[in-house]
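What follows is a set of notes on a single structure, which appears directly below.
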C-alpha cells in the first residue's frame, strides 16, 4: 500500500515537473514572439495609421445584460476610440433592469426604421434597433434574453463592417487598442481570422473620462492575485501559443474577428459559458478541416482594462463557471485530440489543455493525498511531502517571475519600484493558498457540470466608485466577468 | 516706484541707441533686422555683462552694442541679426548665465522691428514687461505685432499636449488670442463662454467623440459665426464629407504645413 | 525511490537558480528603466528652451542650430526622438528644416553607420530613424535589409522607411515587389506605406493595373482608394471581369465612386454581373450617385435572385426622386412575390423614417418627404397602410 502511494506521489511529482518544462517552452516562445510584436508597435505611428483609409472599418459588439449602472460611461468611452471608421453596437440582452432605457435617455435614441436586418446567423429575433444621428456610430439593439453568445450573434447580424470585435460591457478599451489590433490584421489579412487582446485588471487604477489615467496595483488581495494571474496567462502564455499558432482562447473581454470566418462557423454557440473559447476552437477546426492557411494572432499591446471580482463569492463563482466551460469545450471537441489532421492545435494545444488545465485538479489533489497518506504511515518521510510542496511552489514562482520579466522588457505599465516589489512578493504568496483555491474551484466547476448546472452564477454590478484622489476621478464598477 | 523709473530709463537708452544707429547708417542698412537681448541679474552684474558681451562678440565675430541701467539690467542690441539667430544667441547667453549666476537672472528676447526709430512705445512696452519678469532660468519671448484683425481668438481642442503648445506658440506669435482645451467637454465649455472666432479641433478627442462635438458646436452656433476648422489625422473621404455636412469651414489633415494652416485660418477670418 | 527524490532535488536546485537569475534580471531592468526615464526627463527639461527655439523658428531662411555645448549619447537620443516626432507631424519647408538640423547634428551619419551593423535589430532601428529623416543615401542599405528579412511585422517598418526616403519610382517599385513577395494580401497596408512617399507614382500604379499580375492589380486598386487615377475608368471596367472575385468587387467599387464614368451601358452590365456582391454594390451606388437615367435598370433589378441586390435597388429607387419612388410604388402595387415584398419593405421604411423625431430636417428633406407622401398617396390612398395589405 505504501509503495503504491509513494509511486503515485512520484508520478504526480513528475507531472508537475513536466508542466514546468512545458510552461517553460511556451514562455520561451513568448520571448521569441514578443520581440517583433513590440518593435513593430514601437516603430508604428498609430495616430497616423488610425486615420488612414487602409485600416478596415470595425464593428464593436457590446453584449449588455443588467448593466444600467455602468453602461453609459462605457459606451461614451467606446465612442472616443482612436479609429477612423467604426461602430459600437450595444446588444441589450433582455435585461431585467433599465439598461435599455438609460441608453435611450442618455443618447436620445429613436427607433431606427429604415434598415432591415438580414439574419446570416441564427439568433433570437431582434425587437428594435435604436439610433441617433447625433451619435452616428452608435446602435443599440434590443432583443429578448438569449445569453451572451446569442447577443453577439445578433450584433453580427446587424454589423455593417468586415471586422468585428467583441467587448464586455464593463471593460474599458485604451484609445489605441483598436488600431493596434487592426495593424496586426493588416499585416496579414490573408491568414488572420482572430486576434486576441491583452486584458489587464483596472482595480486600483484611476479612471478619468473613461480612460485609465494612472496605472496602479489593486489594494485588495483578490484583484491583486488576479492581476498577476492575468499577466502570467496573457504574457507568459498567450504570446507563446500565438507564436506557434496554437492559441485556444481569445478573451471574450476583447478580441477581434474576421466576420466572414465567424459566419462560416455558424457564429457563437449558445447556452453555455466558455463561448469565447468555443468560437476559437470552431475556427481552428473549420480552417484545418478545409486546409486553409490561417492564424489566430495575439496583440499584447492592445489593452483592455477590466474590473476584476473583489470578493470571494463572485470570484469563486466566476472560476467555477470557467471550469465548467472548459470541461464542456474539451468534451465536445475530444475528437480533435492527438489527430495529426489538426496539426499544432490537435497535437499540442488540446492535449496540453486536457492534461494540464482540465485534469490539473485531479492530478494535484490526488498526488498530494497519496503523499500525505504515505507520510501519515511513516512520519520519518516528511521530507518527501516537503519536496513535493516545494516543487509545486517553485514551479509556480518561476513562471510568475518569467512573466514579470516579460512585462518589464516589453510593456512597463507599472512604473514604480515599489509596485515591482509588491508584485514579486505577491507572486510568491499566490502559490501559498490562492493557487490551490483555483484548483479547488475548477474541481467544483466540474462537479457542477456533471450535475448539469447550467446557470451563469453570481454576477453583481455595483455603482461607480469615486476614487478618493481627484474630483473627477472614477473607477469602474465591480463585476464578475468572463476572460 | 523705483522699478518703474528704471524701466523707463532702460527703454530710453535703448531707443536712443536705435535712433543713433539710424542716423549713422547709410540707406542700405536701414530697415535691417535688430535682435534685442535683455538680461537682468542683481548679483555680480558688471562681471556677468562683460562675460556675456565677450561671448556674443566671439559668436558674431564683431563688436556688440550694449546698454545698462542701475547696475542690474542690460540690453544687448544686435544690429543686423535676425530673429532666429537672436533666439539662438539667447540660448548661449542663458548657458553662460547658468554658469555665472545660477538661477539669479531673467532673460528676454525681442526685436526692434521695422522703423523702430519711429516707435518709442514699443520699447516702453518691452521694458515694462521685462521689469515684471520674475527671475527664472527661462527665455521669455517678447513680440509686439501688428495684429491682423484686432484681437481675434482661436480655440484649440487637441488631446496632444505638445501639439497644443506648439500651435499656441505659433498663433500667439501671429497675434491671436489663444484658448486651449485638452478634451471635448472642456472645448465645448470654452466655446460657450468665450465665443472664439475660430475653433481648431481634432476629431480624436477624449470625453466626447469629435463628430459629436461638431454636432454640438453646430447646434450652439447655427449661423456659423465662429469658423470651425478640423485639424486631424483622419484622412478618410467619408469623414471629411461628414464634417462639411456638420458645417465645418475647413478640413486640414496631418502631417501639416504650419504656414498653410495659418494661411487658411487667416483666410477664414477675412 | 531515492532516484526519484534525487531527481526532485536536482530539479529544485535548477528552479532556484533560474529564479535567482530571473529576479536579478528583473530588478536590473527596473532600475535601468527608472534611471533612463529620470535622465530623459532631466534632458527634456534642460533642452526645453532649445526646443522652443526650434519650434518658434521653423519658418524662414536662417538654419537651425544644435543645442549649445557638447551632448552625451543618451542626451542625443532623447533629442533625436523628440525631433522625429515633429518631423513626422510636419510637411514641406518646416519638415525639411528639421531634417537639415538632424543632418547638422550628425544624426543621419550616425544612423547610416548603424545600418552597416552585423546585428539585425540595430539595422532595423537605424532603418526606422533613417526613414524618418528621409535619407535617400540609406535606400540601398535598407533595400538589402528588406530583401534579407523573413516575414514579420518588421518588414513593413523597413518598407515604410524606404517609401519615405525614395526619390525614384524604381525604388518604390522594388520595395513593393519585396513586400508583396510574402503573399500575405497586405495590399491595403502597402498602399498606406506608398502614400508616405512624396513622389508621383501614378504611372507605376497604371502599369500595375494594366499588367496581369493579380497581386499588383490588388495593390493598385488599394492605392486608388485615396490616390485616384485620372482616366482609369476603362481599365477599371475591364477589371470588373477579372478572374479574381475580390478584384472584380474592388474594381467595381472604385468605378462606382465617380458618376462621370458610370455610363448607362456600364450600369446595365454591372447590374447583370454574375457576382451578387457586384450587383448589390452597383444597385446601391446608382442611388447614391443620383443617376436618374438608371431608374428602369433598378426597377428590373428588383427582381434579382439575391435579397441584398433587391433591397439595395429598392433603396436606390427611393433616393432617385419622384420618378424613382414612383417606380418603387408601381413595383409594390403591380408585382407579386419577392419583388413586391422588397418594394413594400423599403416603402414602409421610408414612410416610417418621415415620422421619426429629432432628425435634422433640411429644406431638401422636407421636399423629398412631401414628394414621397404624395406619390404614396396616389398609389395606396392616404390612409391605407402598407402593412395592412
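In order of appearance the chains are A, B and C, and numbering begins at 1 in each one.
The rule is short, and it goes like this: a contact is a pair of C-beta atoms (placed from the backbone, for glycine too) under 8 Å apart; a residue touches a chain by one contact, two chains touch by 3 or more.
Each chain and its UniProt protein: A = Glycosyltransferase family 2 protein; B = Response regulator; C = HEAT repeat domain-containing protein.
Note that the coordinates shown come from a computational prediction; the quantities given were computed from them, not determined experimentally.
Asks: Name whichever of B-C and A-C has more C-beta pairs touching across its two chains.
Replies: Higher C-beta contact count between the two pairs: A-C.
Asks: Give me the ID of the chain with the smallest distance between its Cα centroid and the all-protein Cα centroid.
Replies: Ranked by how close its C-alpha centre lies to the overall one, first comes C.
Asks: In whole angstrom, what separates the CA-based centres of subunit A and subunit B?
Replies: Between these chains, centre-to-centre, one finds 51 Å.
Asks: CA centre of subunit A versus CA centre of subunit C: separation in Å?
Replies: Subunit A and subunit C have C-alpha centres separated by 29 Å.
Asks: For subunit B versus subunit C, what separation do you get between their C-alpha means, in angstrom?
Replies: The computed centroid separation for subunit B versus subunit C comes out at 38 Å.
Asks: Could you list which residues of subunit C touch at least two other chains?
Replies: Residues 88, 226 of subunit C each touch two or more of the other chains.
Asks: Could you pull out the residues of subunit B that touch at least 2 other chains?
Replies: Those would be 235, 237, 254-255.
Asks: What are the residues of subunit A that contact at least two other chains?
Replies: Counting only residues that touch two or more other chains, subunit A contributes 48, 52-53, 134.
Asks: Considering the complex alone, what residue numbers of subunit B touch subunit A?
Replies: Interface residues on subunit B, with respect to subunit A: 160, 183-185, 204-209, 211-212, 215, 232-239, 242, 253-255.
Asks: State the interface residues of subunit B toward subunit C in the complex, per the touch definition above.
Replies: Residue list for subunit B touching subunit C: 82-85, 87-88, 90-92, 94-95, 138-139, 141, 162-163, 166, 169-170, 173, 235, 237, 254-260.
Asks: Please output the residues of subunit C touching subunit A within their complex, sorted ascending.
Replies: Residues 1, 4-5, 7-9, 11-12, 15-16, 18-19, 22-23, 25-27, 29-31, 33-34, 37, 88, 121, 124, 128, 152-154, 156-157, 183-186, 188-189, 191-192, 195, 222, 225-226, 307-308, 311, 345, 348-350, 352-353, 355-360 of subunit C touch subunit A in their complex.
Asks: What part of subunit A is in contact with subunit C in the complex they form?
Replies: Within the complex, subunit A touches subunit C at residues 6, 10, 13, 17, 20, 35-37, 39-41, 43-45, 48-49, 52-56, 108, 110-111, 113-116, 118, 132-134, 183-184, 186-191, 383-384, 387-388, 390-391, 394-395, 397-398, 401-402, 404-405, 408-409, 412, 415, 417, 420, 424.
Asks: Touching subunit B in the complex: which residues of subunit A?
Replies: Checking each residue of subunit A against subunit B gives 47-48, 50-53, 76, 79-80, 82, 84-85, 134-137, 175, 209-211.
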